[in-house]
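Structure, as structure tokens:
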Amino acid sequence: MKHKSIYFYIPAIVFLLALWYVISLIVHLPIIPSPYLAIERLIDIFSDTIAIHAFYSFWRIVAGVLLAVLIGVPIGILMGYTKKVDTILAPLVYLTYPIPKIALLPILMLLCGIGELPKILMIFLIVIFQVLVALRDGISSIPKEMFYPLYTLGASFKDIFCKILWPAVLPNFITALRVAMGTAISVLFFTETFGTKYGMGYFIMDAWLRVNYLDMYAGIIVLSLMGLCLFGILDLCERYFCKWNR
Amino acid sequence: MKHKSIYFYIPAIVFLLALWYVISLIVHLPIIPSPYLAIERLIDIFSDTIAIHAFYSFWRIVAGVLLAVLIGVPIGILMGYTKKVDTILAPLVYLTYPIPKIALLPILMLLCGIGELPKILMIFLIVIFQVLVALRDGISSIPKEMFYPLYTLGASFKDIFCKILWPAVLPNFITALRVAMGTAISVLFFTETFGTKYGMGYFIMDAWLRVNYLDMYAGIIVLSLMGLCLFGILDLCERYFCKWNR
Amino acid sequence: MIQIDNLFVKYDNLNILEDINLQMAEGSVCAVIGPSGCGKSTLLNILAGINHDYEGKVFINGMKPSPKKQTIGFIPQNYGLLPWLKVKDNIMLGLNIKHKNNSQIPMDLIDSLGLNKLLNRYPKELSGGQQQRVSLARAFALKADLLLMDEPFSALDAITREEMQDVFINLWQQQNVTTVLVTHYVEEALYLGQKIVVMTATPGKVYKIIDNPLFADKNFRDREEFVQLSKQLRIYLKKAGRENEA
Amino acid sequence: MIQIDNLFVKYDNLNILEDINLQMAEGSVCAVIGPSGCGKSTLLNILAGINHDYEGKVFINGMKPSPKKQTIGFIPQNYGLLPWLKVKDNIMLGLNIKHKNNSQIPMDLIDSLGLNKLLNRYPKELSGGQQQRVSLARAFALKADLLLMDEPFSALDAITREEMQDVFINLWQQQNVTTVLVTHYVEEALYLGQKIVVMTATPGKVYKIIDNPLFADKNFRDREEFVQLSKQLRIYLKKAGRENEA
Amino acid sequence: DTQQSADNSKNASDTTLKIGLMPDIDSIPFIIAEEKGFFKEEGVNVELQHFKSAMDRDSALQSGNLDGGVSDMLAAGFAKDGGFDVKMTSMTDGNYCLVAGTANNVQSIKDMKGQNISVSKNTIIEFVLDQMLMQNQMTEADINKTVIPQIPTRLEMLQNGKLDAAVLPEPMGSIAIKNGCHLINSSEEMQINPGVMVFTNDSLQNKSEEIKAMYRAYNKAVEYLNNTPQEEYMDLVIEKAGLPPATKDALTMPKYHEAALPSKDAWEKSIQWLNQKGLVKETYSYDDMVSDILSK
């Protein structure tokens, strides 16, 4: 995992661009423009146009994921820790997870209007299950002997949480955040298409509609870099908080 | 986790239906019909109509997830086990994971037409990252002492894989499958909207565009039950294969 | 005071402990000795309030084992250190939970256990014996009402072991803490046990209880009873081991 | 034959082993004894081919430690059992890897280690001593060229320990396997070590090497050299422990 | 000989005309032509592909999975600007309605200053609204455009009073009206018709005979539609086109027109709108965009 420096991203970026370039040469259709043109376009429109879209998306992702974490983590931990809670909640989760949340969009819009709230809620609804399931499974795989020292100390749940559940599940939590973050970015595409003129989802969808593939790919590059940043931050967090695990 | 029998699903189902019913009473709009009507409709049209859609979706999910497993698992395990591979591949994953796969639809259509292949590939593309990241993180958190007995036996990679990597990562793998399965079901909605007349995604989208909310909810119920079945199977697998962990 | 009446324990359908009866006065030390797998750790787990799955009566000062009300210092066989806490935090774990945050690091104790250079390491950066001493420090620092030690010196070399035994004897002389000690060594039992309980092989029963005149005498090896008693004890042990082998 | 010249090992910047020199003839048994944390396990890990991070020369039969070419039976301090394998599979692990699949369960050995009733359990359903015996069985079953044992009897009661020591001696007499044994007991060293290596506290150096006339003599306690030698060894140990304490 | 048959089979698949349809009334003649066997009568093999969103359709067209489809002038302009060689070949009969919500008792667009009107952005829907505003000497700034791309959602929000008004394509417009909303204006009323068929240039060159045959069948279908009572074919059309069942009672079918070249005026308005909004830089002329395969 560890030891990834900014330095290793360069070959990856170069590789992806080269791959893209080769495909664009082979296909030779505007549907796959040369990466050179897309980057040129990106530089052209970044500061006047894309920056503000990226900013909006960033805020929605952070808000949506944060909400999912705030609600999903406690429930996931409780489900993993207490078999009774799991017995009751697992069927609920299993039934509601596969519901395509986008199908609920009209309902969400009816209930919350068309402002920021439904967009953030949509990210939340999609991402919370991933957080919840990963934490539950993480907690439930802690060997039970781990808890014995705290049991004999008559520790409160708060102590058990701080001393065992949280540190033990932190690596799973970070994995869950990785998955959730990636998902959140890729669902922007559906959540940012209504009631707004800003957001990378809107930007890319609009470019697609306008058959403006250069804009569209510029947008995709930005999303990709945005993901890279968020993942990089997570890697740093992991390196810092999971020192004991190295 | 364990000990979930079919028996505990009943209160969950009842609870969800009751919740739905209450909301339908409060909102009192055709967009949220009473669950009673939706179920009635479901029973009405299940055997002639929905069954075939469900069958198609089921096959696409299984194919997409299987493909993601076949390709994602070895890569994830290699990344987790070999730091070098991780250093090279992680930036690629971090860059490509956040790309909204739906935006690649034109390319996918270009390369594979509009038949079954692009639908399955779309599921594959969305799901593989979740499988890969979860497996990588799972493997890389195996304490290194675990490998010592096999190292001193001069075990080949195949032995290490069979005796340590696979059993150790199996719980993570099952979690990843859970998340992937849920995601796959909920993206049907986008992958089954073109070039086909079958599939739950098509069915629900079609019902939505026809403003036929009863059909739409009947479809959502079927998806939900389909998810439940798949999750139930996974639970059984977990109970069987991770006996040592109970 | 510890009072055990007619204690029976089963795992699945296997009897592990059968009809254990034992009284211990407040402030006394009891050494438990018996064949491998006879149920010594199981007995300790019950006194520690970890295992509630038994029949019969177990009272500590008139109450069922309840770690919330009593302060129990417990040294499990596998040390029970939390891998994500540094040595100093592992040592302070009990103090922080029992006496909340106004507790000082017990530097004297740490010195006498030879841990002062290791305070900032994680458990997995320690040798086996060092880990065991950390576990000793955690239990001793607690000033417990009841001390439960499961082979607390097994990973220590002969010289260190004797030093640690003396640390324990000093502690006991100062605090007069009721102690149950599982040991595998006849000599250790003779030095550290006021009462020595000899157990039979599975299912574990009490085979003999010996009152030990050599207890806490630094020169116990030179006393005339020593040779006689240790021979006697070895004979008991051999017989107890064969007891249930028919 | 084992040949160690000028071996130095560091963790981070801390010297763990300093200038270790040691020769062992083919088929001989060497007992290593020394203060807690002096680097005994580290030395064994190097011989086992797990730790490659050292300076100096280490040769086993003229080659660097290489588990692929040699058959090494290793009993780590924490037993090194794989939690997902049943006892019988843990025992067969080495045989299956080294001699591939045409190997039989060594029922005689399992009988003499008292494990025959436990073959279908998972490691966590065993007591500490039972786990240790499984680890012994795994190493003994292998018919190794080199046997490395890290405190192999530490979790066994006095009687069982002596039985196991005899199992080892029998095995050694039949197979003449070169053995390095880490122990904490003067008596054990005197019974099981042809050569006894006394090490100093961190950084570990060789303090003394003793040729032991009592080796493998079942009545070693009754021989006249016994008292003298064990006194001598205790004095060495005490001095070695203080060696680097300035 | 084998060579010959290989060529034949290749030709056979090559002569199939793949047409993308949308769930709107523009597509109805194609469905009729298929159901009534008009394509067969004309000896052309037409494969109809149903799409649920314009983007899926455009992606399929641009990736060569379709020869042509039911589309609109704005999409055609975008495609041309994006470097895809597509041509408009005929206009289709569709209608877009500006509908005011139940509680909104405005009578004309002039009264709608400051109101929330829902559209999908940069599409024919927004174009129609802008044309309506322009005809009434209003600008974008006078109203409040709310972007909701999904048509059913727009309908739902309108019916539940979350919006003051919305532009909806038929048959959704009629359904909204039947459910208590009222019509303010429509593209038909304004006599702008941006709905067109587009074909890729490749197909126009290689499959011109098939396309002509297809249009003959189309014209037969138009004749059928115009001369047959609505009830006779509505169920079938609703089923095949993916229209809401309520269409049957709500919608009065428009008069369909035989295939004819797109209106030059409509194109000029379209390209002007695209240029003004900065969505397309080039000003493509009518001739750049239209292929008169019909009259050739």
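Order as written gives the chain letters A, B, C, D and E; numbering starts at 1 within each chain.
The rule we apply is simple: a residue touches a chain if its C-beta (ideal position, glycine included) is under 8 Å from a C-beta of that chain, and two chains touch if they have at least 3 such contacts.
A quick map from chain label to UniProt name: A, B = Bicarbonate transport system permease protein CmpB; C, D = Aliphatic sulfonates import ATP-binding protein SsuB.
Note that the structure is a prediction, hence the values are computed from the model and not measured.
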| item | value |
| --- | --- |
| Common touching chains of chain E and chain B | A |
| Highest C-beta pair count, chain pair | A-B |
| Geometric centre distance via CA averages, chain E-chain A, whole Å | 37 |
| Chain A-chain C separation of Cα centroids, rounded to whole Å | 49 |
| Chain centre separation (chain D, chain E; CA means) in Å | 83 |
| Interface hub residues of chain D, defined as touching at least two other chains | 78, 124 |
| Where chain A touches two or more other chains, by residue | 29, 31, 106, 110, 145, 208, 213, 245 |
| Per-residue overlap in chain E, given as positions that touch at least 2 other chains | 55, 62-63, 152, 156, 160 |
| Contact set on chain B toward chain E in their complex | 29, 31, 105-107, 109-110, 113-114, 193-195, 197, 202, 205-206, 208-212 |
| Interfacial residue positions of chain A with respect to chain B in the complex | 1-4, 8-9, 11-13, 15-16, 27, 29, 31-32, 80, 83, 86-88, 90-92, 94-103, 106-107, 110, 126, 129-130, 133-134, 136-138, 140-141, 171-172, 174-175, 178-179, 181-183, 185-190, 201, 204, 208, 213, 216, 220, 223-228, 230-232, 245 |
| Of all residues in chain E, those that touch chain A in their complex | 54-55, 58, 62-63, 75, 78-79, 81-84, 121-123, 146-150, 152-153, 156-157, 160, 162, 279 |
| Parts of chain D lying in touch with chain C, wherever the complex brings them together | 11, 33-37, 39-41, 77-78, 114, 125-130, 133, 151, 154-161, 184-186, 234, 237-238, 241 |
| List of chain C residues in touch with chain A within their complex | 45, 48-50, 66-72, 74, 76, 78, 80-85, 93-94, 97-98, 122, 124, 138, 142, 148 |
